[in-house]
Structures are given as C-alpha cells and as structure tokens.
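Pasting the structures here.
Below are two complexes that have chain A in common, paired first with chain B and then with chain C.
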Partner chain A sequence: MLQYIVIGVVIGGIYAIFAAGLITTFQASGILNFGYGAIAFFIARTYYFLLVQHQWPIWAAALISILVIAPAMGFILWAALFRILQQATTLVKVVATIGLSVMLPALAGIIYGNPVISFSPGLVPYPVPSYTVLGVGISLDQINVVACVVLILVVGFVVVNMTEWGLVIRALVDSPAQTSLTGTNPKVAAAAVWTIATCFAGLAGVLIAPILGVNSDNYEFLIVAAFSAVLLARFINIGVAILASIALGVVSSLLNLWLPPTGTVSTGVIASVPFAFIFIFVLYEAVRRKVPSNPGGGGGALDRAITTGGAVSASHDKAQPSDFNTRPDFRLSGWRRQKRLPTAITALVILLLLPVLLSPFWTGRVALGLAFGIVFLSLRIVMGEGGTIWLCQASFAGVGAMVSAYLITDHQWPLIPAIVVAALLTALGGSILAYLTTRLGDLYVALVTLAFGILVDRLIFTIPVFQGSLNAGIPLVESFATNDTTFFYILAGLTLAVVLFVEHFRQSTAGLALSATRWSEPSSRALGLSVVQIKVLAACLSAVIAAVGGAFIALSYQYAVPATFDTIGALVWIAVFVTVGVRSTLAAVVAGILSVVTPAIFQTFFPTSISDLPPVLFGLGAVLLANNPEGVLIMHAEQGRRLIAHTLHAGRRIFPTVEARSSDVVD
Partner chain B sequence: MDHNTQALQVSDLCAGYGSAQVLFRISFNVEQGGVLAILGPNGAGKSTLGLALAGLIPATAGTIEFEGARLSGHSAHQVARAGITYIPEGRGIFPRLSVDDNLRMATRRLRKGERRAALQEAFENFPVLLNRKDQLARTLSGGEQQMLALANAFCTESKLIIADELSLGLAPMIVDQVFATLERAKSAGTTIIIIEQFVTRALALADNCLILAHGSVAWSGTASDASGAAARQYFGQGVEVVGRRSNSESESDVDENVGG
Partner chain C sequence: MSLTDGAQSQPRDGNFETSELRNLAPSPNTGDSDTVLEARNVGVQFGGLVALSDVSLVIPYGKLVGLMGPNGAGKTTLFNVLSGFIRPNSGSVSLLGRDVTSASPQIRARMGLTRTFQLPDLFKSLTVAEHLSLGYRLHHKPKRLWTDLVTPRAWGKPDKAEVEQVEKILSLLGLEEMANVLADGLPTGLTRLVQVGLGLAASPRVLLLDEPAAGLDTNETRELSVALSRAVEQEGTSMLVIEHDLDFLLGITGFVYVLDAGRLIASGSPSEVAQDRQVQSAYFGTNG
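Right, the complex of A and B next:
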C-alpha cells in the first residue's frame, strides 16, 4: 500500500506544480490557461530534443529549456496574448488558450520532429538510482518531483509573503488598477508572474516525462486533472490546491490497488477520478450556492470599471458579459442582409458542382467535411448563439456515431431509426447537462462540460461493446448510397437541411429568446423568459445535431471508433470553428470542410515535415480570436465590404451624383 | 491666466470606454493648493473624469498638464509617480492585503528611511488603523476602509489628491472625519479635486466648482456662486449646458480659469 501512496504523492506532486502555476496566473490576470499543459509539453519536448536528439548534458538541456526557453516563452506569450486577453470575456479567454493547446504541440512537431516518445529521461542520468525507504522503493526521479513541490512551496511562501516583490504580486492579484495607482507598473509584475508560471510548467513537464513519456495528450489530461485541484482551492489558495493535488494523486493510485487489476472498466474509473471530481464538485457548488458566478481573479471593481465592457458586466449576474463580440448581431447590417442570400446560393452551387470538378478521393474528403460541418452547426447554436462554452460536443457526436454503429452492425437496425435512437440519447444527455449547468458561470460551464466529455471518453466509450472498429458504413452504402458521389449529395442535402433549420431557429422566437438570455439573463427573466427552458432547448437541439453529424462522420469513415471523438483531441474542432467564425452559419460549414480538407491538402501536396501546420494555423486562429472575436471569415468579409465600399466611394468622389450623396448619408 | 499658479490644466479632454465616448471637451484649471469640487448628477461623467485624470482610461483627445508637464497619454503608474493620488469610488484599497501591506504598497516608492517615517506618521494621523495593522483591509468597516484609503494618499505626500465619492455609503459621523481629513490636507497646501454627490459638504470645502452634465461642463465658477443660483438652476430646473460638443461656439462661454 505504501508503494501506491508514494506513486500517488508523485503524480499528485505534478498536479500540484501545475495547479500552483494555474492559480498564480489566474489570480494575476483572470485567465485560466487551458494551454498550460501544451506549454509544459513544449518545454519537455525541447528538453528531450536537446538531451536525447542532440546529446546535450542534463544540466545544459535543463538550464536552456527550463530557465531560458520557458521564461522567454512565458514572456512572449504574455506580451502577445495574455496581456490582451486580460480584458476579454471568459469565452474568448477559454477559446484562445484552447487555441494555444492545439497550436503548441503541433508547432513542437514541426520544430523538433514527430517521433513517438514513450520514455524520456528526467533530470537524473540513466540508470536512475533507486532507494528503499521503509521497505518502499523510490527512484531519484520520484524524489525529484517531491523535492520540487516542497521547494516551490517553501520558496513560493517566502517570496510571496516576506519580500517586496511578493507584496507587489499580492497587490497585483488583488487589483492591477489599484497597483498602478501606487506608482507601480502592473504590467512588469504581470509579465513576471507569467514568466515564472511558465517556468513551473516547464519544470513539471520535464519531471513528468520519465513517468508518462513526452505525449501531448497526456500533458493535456494532466492539466485538466489539475483543474480539479484548482477548483477545490476556489482558484485562490495555492496551499489547498497542493494538498488537493496530492490527495487526488493518492486516491487514484490507491484505486489501482483496490480495483481489479485488469479490465477496461477499472482503467476507466481510475483515470476518471479527477474529472469525476470536477463534475461532482461544481454541481455540488451549484446546488449549495444556487448561483455561483465566475470566480474572481484579474482584479476587483475598479479593474472592471475601466474595461470596455465594465458597464455591461456590472449589470450582469455573471462576472463578465458572455460573448465573443461586444455587440449583438441579430440585427445584421444592411449590406450583410442584402448579400446573404446570393452568397448562400453561390456557396451551394459551388458545393453541388464539387463532385463533377473533383476526384472521388477529394469528393469523399469534402463529404466528410460536411459531416464535421453538421457537428459545427450544433456548436453554432450552443456557442455561437447561446454564448456558452460547451466543450463536450465531440462526446455527443461520438455517442451518435458509436450507438448508431452499434445498433446497425450488432442488431441490424436500419440506418435512420438507429440514428434517431442515438440522437434521442444525446438529447437526453444534453438536456440534463444544460439543466445542471444553467446557473453556472461561463468558466464553470467550460470545466464541467470538459470533465463530462472526458468522463464519457473514459467510462462510456471504454465499455466493451464500443471497443474496436465497428463497421458502420455498409448498411447505408448498400441501401441508398451506392457510391461516393451519391453519399456526397445525401450529405450535402442533409447539411443544407441543418443549415436551414439552424437559421430558422435563430430567427424564431426561441432563437431570439436565446440571444436575449445570452446578453442579459436578469433582463430576460424580467421579460418573463425562462432561462432554464431556453438553454435546455438549445442544448437539446445542439446535442441532436451533433449526434447526427457524428453518425455521418462514422459513415464517411466506414467505421466508428471512440478515438475519432476524443474530447481532448476534439479541442481542435473548437479551434477551427472559432477561427473561421463562431457567429456565422455558413462559417460553421466552411469550418467543417476546412477541418478535413486542409490536413488532407498538407498530407498530399506538402512535405511530411510540415504536415502539422494545419493544427498550428487553427490554433493560431483561435489565439488571434483575442483580437478578432468574430473569426476570420467574418473579418475578411468585413474587410472586403470596406474595400468595396471604399472603391465605390472613391468612384462616387470622381463622379458625384445626387443618389451617391444620399446613399452616403444613409450609410 | 497665470500658468505659474496652476497645478492642473485640462484642455478639451475627451475620454470614454472603448467606442463609447463619455467626456466631451472638458476644460478647467486647478490652482496650486486649491480645492475644486466636481459635481453633477448620476451619469454626468464625474467618475470617468477622475479615471481619465488618473490615467486609468486613455484620453482620446485634449491635454492634461500637471505642474507644466504633459500627463495625457501617460499610464496610471506614471501619473501616480508625478505626485497625483487618485482615490477611486468604492475605497482605494487592496481588500485582500493587510492594513500594513496596504500602507507598504502606498509608500514603496519612498526611500527606506522615508518609508518608515511615512508609515509611522500614517498610524499617528489615523490611530484607528494602528490597532488593525495586521487585519485584512476588506474586514475593516466602511469608514475604516476609507480612512485607510486616505492614509494611503497622505503618507506619500501627494501633490494632488483626486477623491472620488469619498463619503459614499458612510455614516454622517464618518463623513465628518473624512472631510476633516481633507481640510487638514488643504491646510497643508495639497491641491485637491473632490468628486462628490454631497453638494453642500463639497462646496464648503472647495474654492471652485465644476458642474458636469452629459459628459460636458455645464457650469463652472467659484464655490460660493455654485451654492447659489447655478446649483439651484442645475439641480432644480435643469441646466443650460454650456460648451456642449454640438455647439462649439458656446465653448468660449465656459470659464476655463476655474482655479483662478
């Protein structure tokens, strides 16, 4: 048992270092960094690159990666991203840092190469010495982890509580604006906090490498697990977070001892502990406190008062306005309204001509892209219209795929009833989740839905019936889709139907009500709208659409496997979706096609060394959301509109007419 | 206008939040050692003016000069280093720091010896804080928090104090103490801008007065005049706004030399 406790303390120690970094940066800027695991991975990969690929000595590789590249990266990220994000809404903060989590691993792949690294040396030369304490074997790598946690605790406590620098950091955490009123530049202090926190990430990344290997997904899982400790510490208390981290590590480790040693269920349960904890804790808080708002961080009332959205947030029952944009878009500008129909018709004609213009391979890729487009259309409702950070959409798509595939192959159900049953299941799941999270602040919703998605991955998709490759495509191909072109047109028709449905929903009374609740829940309640009903309806519709999209993704692939719908892996979906444009229905379809076609183009026409470029671009797009909250499609459309308007205006200046002048006035 | 006696000169100041402009071409001066009361109804832009003067929100147009040096375009910490202390509406303190830490933050730009003396003086001037030295600021009463905010301002020997709604939410007795403290600062020669809704108290302390309405200067003049006809006109029957953005010609009507 003691052996398991030691392993638990080591894993918990890693959680603790992550949690300390997450809390410090959250308190200093109000940003919960979903990209923290990716940063840790990047530094660990750099360390491996120097140590193993270039045979540097351990001290030099550690010095350069943890004490040079990590702080430099922290400073650059602060200057280029976090500094700007500080003023953004929770949605933009979450999505931009998710973009970072998508971008950095892919960037590491391009820079350092993409070998599978299942083992990496830590800070100790191989063979790692091992010691026996009280009959328990402890390796020097494990001792290093515990020593680093103790060091961070002691040094952190001394610096924060007993030095002038610590005083400034505590003041900054309390209120950056008030700090500046004392003559202290808060930006210098914030940059220092982010720089030090990135060093923590690098250190944790290097320490965990011998245990988990250098694999970006493992790092991402660790960081989500660390979120549970951050939650227990209520985003404030580093000491509580460290204790909670170690407790979580020990509990997970002891479950290894107590549960049957073999079986996917045991593995799933053990791996689910931190995520189950997030789920249960937040829901408990919701029930206990009735309306838990977003946690504090990034300053107080004065800081909110001087932000652009200060007036809005003051009147909101959440801490911040919940939107990508600072203005509602349901009143489209005249230009957009007039041009929407021709744009849609042009897009449709081009789409329908694609099977004629493209080879069967590319037609198949676009068809798969349309299936992804349907899933993104589901995000369009819940995120684009509802303004909720919903990170478990891949799970709904996965349930749609896995359940329909199971019914079709194992029970010989026809395609449509199988999809209907799968959609009904997701509708139920989506409604319950929406009901439980309606009263939560944006950040909590993001964490709960992420934890829910991971729980589905670990507990539902690990059930034996869902394991292995299920052949889901054959019944459809045999019945009415005899070739790729027919399948393409069926998907195009289905996508068009979903687009029309989403547009109809947006403009319906329910859609307007959803918009209203997004902008102000108190005002919506004052109007007599039921916020719970509206949010549940939106989540239910969204889950159904995601399930249908998921089933067609499986049909496109001809098989359904859980890995396609992995919640962490699907964060790239969010990145693509927001990069192209979260608030445009057409953009959702374009995002779906781009998410499939872009990687295929890179794999087909470009050298392997840059095949990781699409995730970098998608991640970068999500990161750039900090500056362009509406996404690139809307941004370029707007730029095009301005260019046309400018050109026309220039023409009118040369040949002024009465009509031109009057239209200028209207414009 | 005698520039030598002017501590603060504000000309055509425009400011707001993002694309929402709140202040429209505000102009006024404050003389060295003078007290200017800025009055106006809710939403007039008083606090926004305070934030803009403190550098917490950027001036989109116009200039702010303090003791001859241009401050517009400077960030808040640079404004503070120039000797201007802004006490924001709703307590200018760090709620999660102790009283002692609050004062240490306020004095951290002083030299070691000066700092020790300043802290000692702060506790002498505000003895209530000495007993609460190790207590978190957020656990103090409203009046004590405001005393701490004032102590923060006084222990740095500010040249100009901008006090925004100091009396907000305080009991009358505490308001008396707050104004007594401001009187002391005035006697010591500190220039003061007081943003208040307690009109009579503010005017009793002030030499001059500026009344804002809809983000523009609605009236300006001496405090004694403000307590008479102008104030009655403004708060009673509405005010004829002078110097509005839409009427550039009438801007000359604004008495720019409030301090003088």
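Right, the complex of A and C next:
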C-alpha cells in the first residue's frame, strides 16, 4: 500500500503545482486560467525541442525554456490578454482562456512539429537515479515533483504572508484601484505574478514530462483535475489546495490497488476521482444550504466604477433614446420586431442554394456543420440568454448520439422515437444539473458542468454498449443520410425549425424571464419569478436541442463515437461559438458551419504543415474576445454596415457608432 | 395621529389565491382589516449583531408610509424581512391577513408585494418597456410563462391591456421616450425610475421602495414624488418608502416610522418625528 501512497503523493504533487499557480493568478487578477495546462505544455514542448530535437544540454534547455521563454510568455500574455480581461465578465474570461488552451498546443505543433512524445527527459540526466524510501522505490524525477510542491508551499507562504509583496498581492484580490491609492502600481504587481506563475507552469510542465510524456491532452486533463483542488480551496487558500491535491492523488492511487486491475470501469472510476470530488463538494454545499457565489478577485466597487469610463450620469435630464442601445417598439408584433429578418431570409436562400453550387463532399461538410450549429443553438439558450457558463453541452450531444445509435442499431428502433428517448434522457440530466447549480456563482457552474461532462465521458461513454465492437463506437446508418444532398436539406429544415424555436423562446415570457434571472436574481424573485424553475426549463430545452444535434452529427458521420463528444476536446466548440457571437442566433449556425468547414478547407487546400492552423485561429478568436465580447459576427456586421453607410452617403457622418448600434444585431 | 386614519379597505380581485398561497395560515395577529402589511415584534440577529429588535409596524391599504433612520439602523434588513429575503429570528409578518413569516419572496410577490433595491438592479438585456411587460405578465397573465412556449403568441402583438398598462406606467414616470431603450447603461436616475415602474407594473397591493430618490436631482425627485402619490391615489397601492430626505417624505406621506440601531424609536407625521428628541439624537448625536 505504501508504494501506492507514494505514487499518489507524486500525482497529487503535480495537481498541487497547477492548483497553486491557478490560485495565485486568480488572486492577482480574478481570472481562472483554463489555459494554464496549455502554457505548461508549451514550455515542456519547447524544452523537449531544445533538449532532444536539438541536443542542447539540460541546463541550457531548462534555462531558456523555464527562465527565459516562460517569463517572457507570461509577461506578453499578461500585457496582451490578462490585463484586459481583468474587468471582463466571467464568461469572457473563461472563454478567452479556453481559447488559449486551444491555441497554444496547436501553435506548438506548427512551430515544433507533431511527433508522438510518450516519454521525455526531465531535469535529471539519463539514467535517472532511483532511491528506496521506507521500502518504496522512488525516482529522482518523482522526488523533484515533491520538492517543487514543498518549495511552492514554503516560498508561497513566506512571500504571501510575510512580505510587502504578499500584502500587495492580497490587496490586489480585493481592489487594484484601492491598491493603487496606496502608492503601489498594481499593474507591476499583477505582471510580476503572471510572469512568475508562468515560470512555475513551465517548471511543472518540464517536471511532469518524464511521468506523463509531452502530450497536450494529458496536460489539459491535469489542469481540469487541479480545478477540483482549487474549488475545494474556494479559490483562496493555497495550503488547502495542496492538501486537497495530495488527497486526490492518494485516493486515485489507492483505487488502483483496490479495484480490479483491468477493465474500462476501473479505468473510468480512477480517472474520475478529481471530478467526483467536485460533485461531492456541490452536494455538500447544497445540503448545508451554503451557496458559494462568485469567488472574489479582480476588483471591487471602485474598480468597476472607474472602468465604466464615467459614462453613467446620475441625472437623466439630458438623456435621449439615441444615446443608448434600442430595440424595435414594444407595441409591434414579434415578427416585426425581428430586425434581422431580411438578413436571415437572405442567409436561408443562400444556404438552400449551396447543394447546387457545391460538390457532394462540401455539401456533406456543410450539412455536418449545420448539425454542429444545432448543438451551438442549444448553447444560445443556456449561455447566450441565460448567461450560464455551461461546459458540458458536448456530453448532452454525445448522449443524444450514443443512445440514439444504440436504440436504432442494436434494437432496431425507428429514428424519431430513438432521438426522443435520448432527448428525454438528456433533459432529465440537464434538469438535475441545473437544479444543483442554479444558485452557484458563474465560475462554480463552469467547473461543475466541466466536471459533469468529464464524468459522463469516463463513466457513461466507457461502458461497453457505447464502445461498440473494437471500441470504435456504434454504426448509425439511415438511408436518407447516405445521400449528401438529401441529408443537407433535411438538416437545413431541422436547423430552421430549431432557429425558429430558439427565437420563439427568446420572445416568449419565459425568454424574458430567463433574461431577467440572468441579470438579477433578487429582482426576479421580488417579481415573483422562480429562478430555479426558469433555469431548469432553460437547461432542459438546451439539453434536448443538444441531444438532437448530437444524433444528427452521428448520422452525418454514420457512426456514433464517444471521442467525438469528449468534453475537454469540445471546449473548442465553446471557443468557436462564443467567438462568433454568443448572443446571436444566426452566429450559432455560422459557428457550427465554420467549425467543420474551416478545418476541411485547410486539410484540402493547404499543406499539412499548417493543418493545425484552424485551432490556432479559433483559439486566437476566443482570446480576442477580450476586446470584442459580443463576438466577431456582430463586430463585422457592424463594420459592414458602416462601410455600406459610408459608401451610400458619401462619407456623411450620419451613422451611429459601433457601441451605440451593436445591440441591433444581437438578435 | 393614527396611521389608519382615513384608510379605506380595498380588497381587490386577483389571481393570488393559488393553491400554494391558500396553504398560508390566516395571521393570528392581524386584527385590523385596513392593514395590508404588518410586522409584529420582528427580531433579526446576524451572529452576535442585533440588526432588528422587537420592531412592529403596519401599512394600511392605499397609504404611503415612510421609513427613516440613520445608516445601519436596520431599514434594509426590515425590507428584507417584509419581502421574504430574510426570515426573522422572532416575530411575524402578515400580508393581506395571511401569516407569511416563512413564505418565500416569490409567494409574497404573487400575493401582491413587490419591492425595489437600494442598488438599482435591472435586467440589462431587456428594454424599459420589456421590464414593464414582464412585470405585468407575471402578475396578470402568469400562465403565459409556460403557455407562450407552445403557442404562437410570442410572434403576435402584445395584448391591448398589457400595452395600456405599460404605456400608463411609462407616462406616470415620464419614461415614454425611453420605452425601447435597453436597460444596460441607463443613468442612475432612470434606473431608479424603471425599478419603480417594474414594481408598479405588477399592480401590487403593497410596494416597498428602498431609497427611490437617491441619486435623483431636485426636478427628478419632484417628478417621482408626484408619480408615487398618483399611484397611491389612482391605484390604491400601499407603499413603504425608505428615504433619508425628510422633505421628500413630507411631500408624499403623512406618516413616518424611524428606526435606530435596530429599534423603532419614533413614529408619526414627518413634522412630529422631526421634533422627536430620540430622532434628533439618532441623526445628530444630540437632544436638540
């Protein structure tokens, strides 16, 4: 058993290094960096590139990657991204850092190449010495991990609690603006924190490379596991996070001892431990009726006040409707309030002509994009209207696909009843999840839904009925789906129906109520609204739409494969969707098509050396959200409108600003 | 001076007698049929801090009552107790003759009690008119929350009655021109007016207003006081208004309660409480 505990301590130590970095940067800026694992991977990949691919000595490779590139990267990311993100909404913060996690591994692939690296040297020359401690063999690489944890704990405690810098960092948590009033430059302090934290990310990345290899998926998985410890530490206490990390590692390791050594269930259970911790945490808080709201960090009232640009005046004597964003008159019918109806009809006509203009292959790609668009439309309700950061939508789509395929292929059910059953299952899951998370703060909801998705991946999708023969998934063939053009028109019709439903929901009383609960739960409750009912309804509808989309994705592939719906991999879906426009129905469909067609274009027309460019572009788009939170479609639509107005009116400055008109297209 | 002098009992028809509301027990405390909202011996403690102690007050039908007190007196805590956001440690609250001490804010809202908040808290992605429409529908057409999902009603024009009610409140608050403006970015003064409108759109039996005039200039304050007085006179809405500005209260109410350090220290007409030594002491630290 001691052997397993030692291994558990090492695994927990890896979680702890990441958790400490996440908490430190969160405290300095209020940003939970979903890209922290990707940064660690990038530095580890750089180290491997120098050490192995270019035969540099260990000390030189470590010096350049950990002490030169990592801090430079940390500073650049702070200056270009995190500094701007500090006052952004939680959704933008999460998606921008998800963008980072999508972009950096792909960028590393383009720069350094894409070999499979299952083993990489660490900071110790080969052969790595091994020692026996209490009868247990432990390598110097593993000792390094534990030593790093101890170093972080000691240095972190001393710096945070016993130095002036620590005081400044703690003050930054509550209010950078107030901190600046003490004569301290909060930007310097924040930049220093991000720079040092990135060094630690690089160090961690290099240290764990000998244990896990240099594989971006492993690093992403680790960072998500570290979120469990961050959550248990309530985003504040590094000591608690380190203890929680060690506990997670030891429990996972001991399960290896106690569960059968082989089998997908054992593997799934062991890999699920960190995420099960998140769920236990939420249930525990629900039983205690202690509802964790958004954690602190990133500023207080003064910070918010001084970042509004002083635009909000106390008086409305001079306020005119033209000073603000407006919508069509409330007395008009729902149809006439749809300002974008001509645009939507034009888009529909173009879409319907595509099979005439495109080859069957590209028609099929667009059809698949429409299926993804349906999944994105489900996010339009829960994220766009509800404002909830829902990171498990791929799981609902996956359940829709896997259950439909199972019922159709293995039990010969007709298509529609199979999809209905799958959708009802996801509705149930979505409702329960929404009920549990209704009163949690945005960031907690993001982490809990992410954990839920990973649990579905590890525990549900790994059961044999969904793995199919040869673990390749379940075939799903329908005659109408074998013809690209027929399938396209069916999907176009279905997408149109879902678009109309989403718009119908938005205009309904329930849609207004969902918007209300998004912005102010107390005011909603004071009006007599049940926040729980509305959020559960939105989650339920969203899950059903996702399930339908998932089933059609599987129909398009003619195979339902769990890996298609992997939660961590599908974070790129979130990045694409939010980048194109989280609050536009049309943008959801466009995002779906882009997410499929863009990689296909690169694979077909460009050299393989830049096949990783689409994820870089998607990730970069998400990162750029920091400057354009409404998304690129709205931004470009506005630019297009300005250009047309400029041309038509020969430069007469009669058109309003981007800011003043942006809401017109947010419909 | 008695608070219920001249108050008229105005029970109105409504849809608040739903099954969950019927489960509320009649209040044993309410003996006055003119009373719409009553707090009896309410006490609230946060750990060792006594926020409210033995506070009793009544709000009659169709009357506007003021609530004053220095910062930290417990005014907003009392609002939270009356509206159901905080359950008191002791005492009881009755609304329309029903004991609602344990009832949630939603149930109280369905019974006809709405409120505003000290910090304006609007629904940023809705227009001013949509705020009022939502408030109207939730109280007058609550089933639309669900039936809209399965009928094409959302695509049609809004109901005539809904438009009339929204237009009436917009006019009352001088917000006609801002009807189709999104709430996001509205100045503080407008935000407060929209909050008041949101409360009025529900045609409440009693409306609790937490510092509605804060941040308004003199003209706006005057307009607001006229609007509130009209709402009381024309709609028979009862109101309890927290306000520091005694002049504002003088213009709209004949009765004021004064809280200090969680205790009710005075009540009466604004001029009476202005002369009260305990009130002067609470505000100025002196007896006169």
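By definition in this document, the second predicted complex is superposed on the first by the 572 of 667 C-alpha atoms of A that agree within 3 Å, B and C clash if a C-alpha of one lies under 4 Å from a C-alpha of the other, contacts with A are read in each partner's own complex, and residues count from 1 in each chain.
To be clear about the criterion, a residue touches a chain if its C-beta (ideal position, glycine included) is under 8 Å from a C-beta of that chain, and two chains touch if they have at least 3 such contacts.
These numbers were taken from a predicted model, which means no experiment stands behind them.
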Partner chain(s) touched by A:Q178 [first = chain B, second = chain C, both, neither]: first
Which superposed partner A:R170 touches (first chain B, second chain C, both, neither): first
Greater chain A contact set [chain C / chain B]: C
Which superposed partner A:P522 touches (first chain B, second chain C, both, neither): second
Touched partner set for A:P186, first chain B, second chain C, both or neither: first
Contacts of A:S530 with chain B and chain C, given as first, second, both or neither: second
Touching partner for A:A510 - first (chain B), second (chain C), both, neither: second
Chain B versus chain C as contact partner of A:S609, first or second or both or neither: neither
Contacts of A:Q558 with chain B and chain C, given as first, second, both or neither: neither
Footprint overlap on chain A, comparing chain B with chain C: 311, 326
Interface residues, chain B side, partner chain A - complex: 17-18, 20, 47, 51, 54-57, 75-77, 80-81, 85-86, 88, 90, 92-97, 101, 104-106, 108-109, 152
Residues of chain A touching chain C in the complex: 311-317, 319-321, 324-335, 385, 504-505, 507-513, 515-516, 518-520, 522-530, 583, 663
For the chain A and chain B complex, residues of the former touching the latter: 164, 167-168, 170-171, 173-175, 177-186, 300-302, 305-311, 326
Touching residues (chain side chain C, partner chain A) in the complex: 83, 85, 104-107, 109-110, 114-117, 121-127, 129-130, 133-135, 137-139, 141-142, 144-146, 148-149, 152-158, 163, 166, 177-182, 184-190, 193, 195, 198, 202, 215-217, 219-220
